[in-house]
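Each chain carries a letter (A, B, C and D) given by its place in the written order, and its residues are counted from 1.
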Amino acid sequence: MSDYTPAEMMMVAAARALRNDDVCFVGIGAPSAACNLARLTHAPDIVLIYESGTIGARPQTLPLSIGDPELCETALTTVPVPEMFAYWLQGGRITVGFLAAAQIDRFANINTTVVGPYAAPTVRLPGGGGAPEIASFCQRVFVITPHERRAFVPRVDFITSFGFGEGGDHRRRIGLETEGPVLVVTSHCLMRPDPETKELTVTALHPGVTRAEIIARTGWPVRFADRLEETVPPTAEELAVLRELQARSASGARSA
Amino acid sequence: MTSPVAARRAQLLSLSEAIAAHVHDGDTVALEGFTHLIPFAAGHEIIRQGRRDLTLVRMTPDLIYDQLIGMGCARKLIFSWGGNPGVGSLHRFRDAVEHGWPRPLEIEEHSHAGMAAAYAAGAAGLPCAILKGYAGTDLARVAPHVRTIECPFTGERLTAIPALRPDVTIIHAQRADRAGNVLLEGIIGVQKEAVLAARRAVVTVEELVDDLRPPSPNSVVLPSWTVDAVAVTPGGARPSYAHGYYGRDNAFYTAWDGIARERERFLAWMREHVGGRAWG
Amino acid sequence: MTSPVAARRAQLLSLSEAIAAHVHDGDTVALEGFTHLIPFAAGHEIIRQGRRDLTLVRMTPDLIYDQLIGMGCARKLIFSWGGNPGVGSLHRFRDAVEHGWPRPLEIEEHSHAGMAAAYAAGAAGLPCAILKGYAGTDLARVAPHVRTIECPFTGERLTAIPALRPDVTIIHAQRADRAGNVLLEGIIGVQKEAVLAARRAVVTVEELVDDLRPPSPNSVVLPSWTVDAVAVTPGGARPSYAHGYYGRDNAFYTAWDGIARERERFLAWMREHVGGRAWG
Amino acid sequence: MSDYTPAEMMMVAAARALRNDDVCFVGIGAPSAACNLARLTHAPDIVLIYESGTIGARPQTLPLSIGDPELCETALTTVPVPEMFAYWLQGGRITVGFLAAAQIDRFANINTTVVGPYAAPTVRLPGGGGAPEIASFCQRVFVITPHERRAFVPRVDFITSFGFGEGGDHRRRIGLETEGPVLVVTSHCLMRPDPETKELTVTALHPGVTRAEIIARTGWPVRFADRLEETVPPTAEELAVLRELQARSASGARSA
């Protein structure tokens, strides 16, 4: 079994959570890598949707933007952006939405808007984009983000995308019928919401990762599942496909 | 007795004529194109003509608004995602919001779903759009332009967003015919809505043709009478791309992170490239 | 944990299997196609299978609903224009409304603008649509499904219409590929909205192909996972037409006026043509 | 000058009212004949829009339905029906809308829905279709209809399409900013709304038509303009083009 990085483990673990019959709303970066890795391994029929309007895209390289030419060229169809958000996302046709996070809290609320107060931020982040409605209207949300203490905070500075709010049945109370963030894939572990409280709980450690590391990298007193599993390391095939995909993409990004 | 609508027909102008005629200081200006067909050349002409106090409208500000903001053209930004796609921050946008350089920037922030619906409402002549979005978000809390409305049939609480009605929308398209009809294809984004929502519309195109050759009866065509000016501007979307003409310059998008990080290097780059031609 | 949405993929069925599986007595059924691609063959199969108490939904009932109504399949009609285009009345529709023959027909009437918006709202998962229509009309006075709503920004009074959500929508398209993806082109009407608004969708097609060959990236394609059944039915839109396959049988539309005017002649014609095949 | 029918005079008079820079929302039948006659004579650049979604159609025959194949084949572009009504009609992009009428009253309100009570009609007509919003959102509306007493009634049984309501500033009072039905072209005359009261007033008689005939064919005490004009009879060219168009269409309607 070959050597691999925590980032590779993260993308492989996220890819494995996808099913062949999923319809995914894909973000750029790690989510796109995970979705295309799944498509090129165990989920050949998975449907990938990018918010630029491309439905059923099958890129051979990882797009740098959500509107790269290859997405449209390989898509089953391309629709206008207002239609994408109205008929396809809000219409409830997406099974899995991927989100990345600058900050995520113990109830999987996500901040990609500001660090500090909204009116006078110390760091102005890009903002919501498609994320707030991905969090509301996809059947399930997978969060994929490196496990660093500055990202895993007790309470986000700004709720860009609603996870479980203050926990419990908060989603239902505000009228959301979807499942929300059922899985958080980090560079070091997998977290899932507690069935009752909805607090994020570590359910699997990636190979070689200790509880102490997770505790040190998490900004709240993190809980671990009673039956804590160990993630199966990336297979040679998973690593080969992922690295090929990223190599092709890197060369693409260099060329004009 | 003829209405202004009827009299309207696209004029064939040079890019500088089109910008001079249709973009004025203080205007609300939308340059649209969702990663594809971003009207960079038109944005650079606005910078060259020194427009000021603009309210800039764009779902994804992208590099072109980073440049307009960094050059001090804007007093306000209406947007829904302000990053460099796949690369990181828009440093000039951040500098304006975080430090007020070169001038303070007022922001009106949306989600993509809300902003796309607001353009569609503008195109449809409605005062507002309704959607189910913004549930539980702090944006709904801090933004005065996000309100709730009740469905008169189910009692369900919905989100309302005011329609977007720019003074002028500028887009880049593949081609126009000699009558001024415009065709775009590929990722069509929100351009039709942005053009139909605006009081005036300017379109830069790769080429002028005798026949638009629409690939299907349903490709996106904007009739001449929905457009005020057409300016032939080959390469007008670079470093964005024009489906069927040239690819996206991903390397430049990556390089921009370094160019825009520091004020001095940014200004030097703009002087050198936008004073003259931006991309070879 | 997979949602029903994901598991859904179009099945390739015969027309009779598709109707038997997806159209039940008492269902709300939309057969759409705006003068083009009207799913006549599917409508005839519904008649042959003797479905009853249907709520029929169509902007323009056209001859196909005149036939379903005249054969007693419907208890209610939701529509926006009930004539024979360019010819005159739909006599079976009139007989049902004016004399309750063969049974009384409840009607829910819209304008085209209202009904198109109601389908779009259904497709978008909204409980209602808003528009500026119905101003000063008696339809707004007599119809309980036309209400007013106030814009929370301008105070302007707008019209609200409940979203349309059929139990099943049936359309006819040019072709499907072997995965069950569907393509339509030409006059595309309201079919995409009607399919996406419905709980189930059945599509009859002229032919099954290896490659949809969409004429552009923006032609109307309905992915396999938005459709429940595809039935290959060549000529399935006659006497309506299929752009690129066959023309509209205007002569038949004109002849229908005489065929449908009297109950007996209508019944005889239906026995002869729909019991067997309707058009050669 | 050749002989002609009242219907031909009506279509010719309607065609003349159209301008080369008009954008017309066209209905089937006489409106379509008038618009295409204008396009083939004095208004070659006129834009014809049919509610089926075809924009800039240039048919060589008169369509039987608003969705005949030739409309799409000759159109500049074809849009979905919801877009047609939202972005193009409600969006205020149409200068002239044509309406026909089963009943029209002195304030140009139009009924195409029912004769008799709505709940129990003696005659069920097709209904509104595009007409209610054509009447609201086109800059100007032209009504074209044969002049028969049963059609020109004091008060319509049902307001399908709002004209001037009860007259005066009724349109403004209900929030309509468009001009409304500024011209009614009949088989026998032209009528225009009085600038103040908005009551339909005869402004021109077709050649050979008498005031007595108009009075006999109109269900209310109809008023005549002080300066009553006589319509210029159809020219040889107008008749030739119109008859050619209708001949081509008739043969089209016979063929499958």
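Definition applied: contacts are C-beta pairs under 8 Å (C-beta built on N, C-alpha and C of every residue); 3 or more make two chains touch, one makes a residue touch a chain.
Bear in mind that the values here come from a model prediction, so they are computed numbers and not experimental data.
Chains that count as touching both chain A and chain D, per the definition above, are B, C. Interface comparison, B-D versus C-D: the higher count of C-beta contacts falls to C-D. For the pair chain A and chain C, the distance between C-alpha centroids works out to 39 Å.
Taking each chain's centre as the mean of its C-alpha atoms, chain A lies 28 Å from chain B. Taken residue by residue, chain A touches two or more other chains at 72, 78, 86, 90, 137, whereas all remaining positions touch fewer. Contact of a single residue of chain B with at least two other chains is seen at positions 120, 124-126, 131-132, 156, 186-188, 192-193, 214, 217-220, 243. Taken as a contact graph, with one node per protein chain and an edge wherever two chains touch, the assembly fits none of the named shapes, being neither a line, a ring, a star nor a complete graph.
Chain pairs that touch one another: A-B, A-C, B-C, B-D, C-D.
For chain A in complex with chain C, the residues that touch the partner chain are 19, 21-23, 47, 55-56, 72-73, 75-79, 86-87, 90-95, 137, 139-140, 182. Of all the residues in chain C, the ones that touch chain B in their complex are 124-128, 130-132, 145, 147-154, 156, 158, 160, 162, 185-188, 214-220, 243. Those residues of chain B that touch chain D in the complex are listed here as 1-3, 5-7, 9, 120, 123-126, 181, 192-193, 196, 214, 217-221, 223, 225-226. Taken in their complex, chain C has these residues touching chain D: 34-36, 59-60, 79-83, 85-87, 89-90, 93-94, 97-98, 109-113, 116-117, 119-120, 131-139, 142, 156-157, 186-190, 192-193, 220, 241, 243, 247-254. Contact residues of chain A toward chain B in the complex are 28-29, 51-54, 63-69, 71-72, 78, 80-82, 84-86, 89-90, 113, 118-119, 121-133, 136-137, 158-162, 165, 170-171, 174-176, 252-256.
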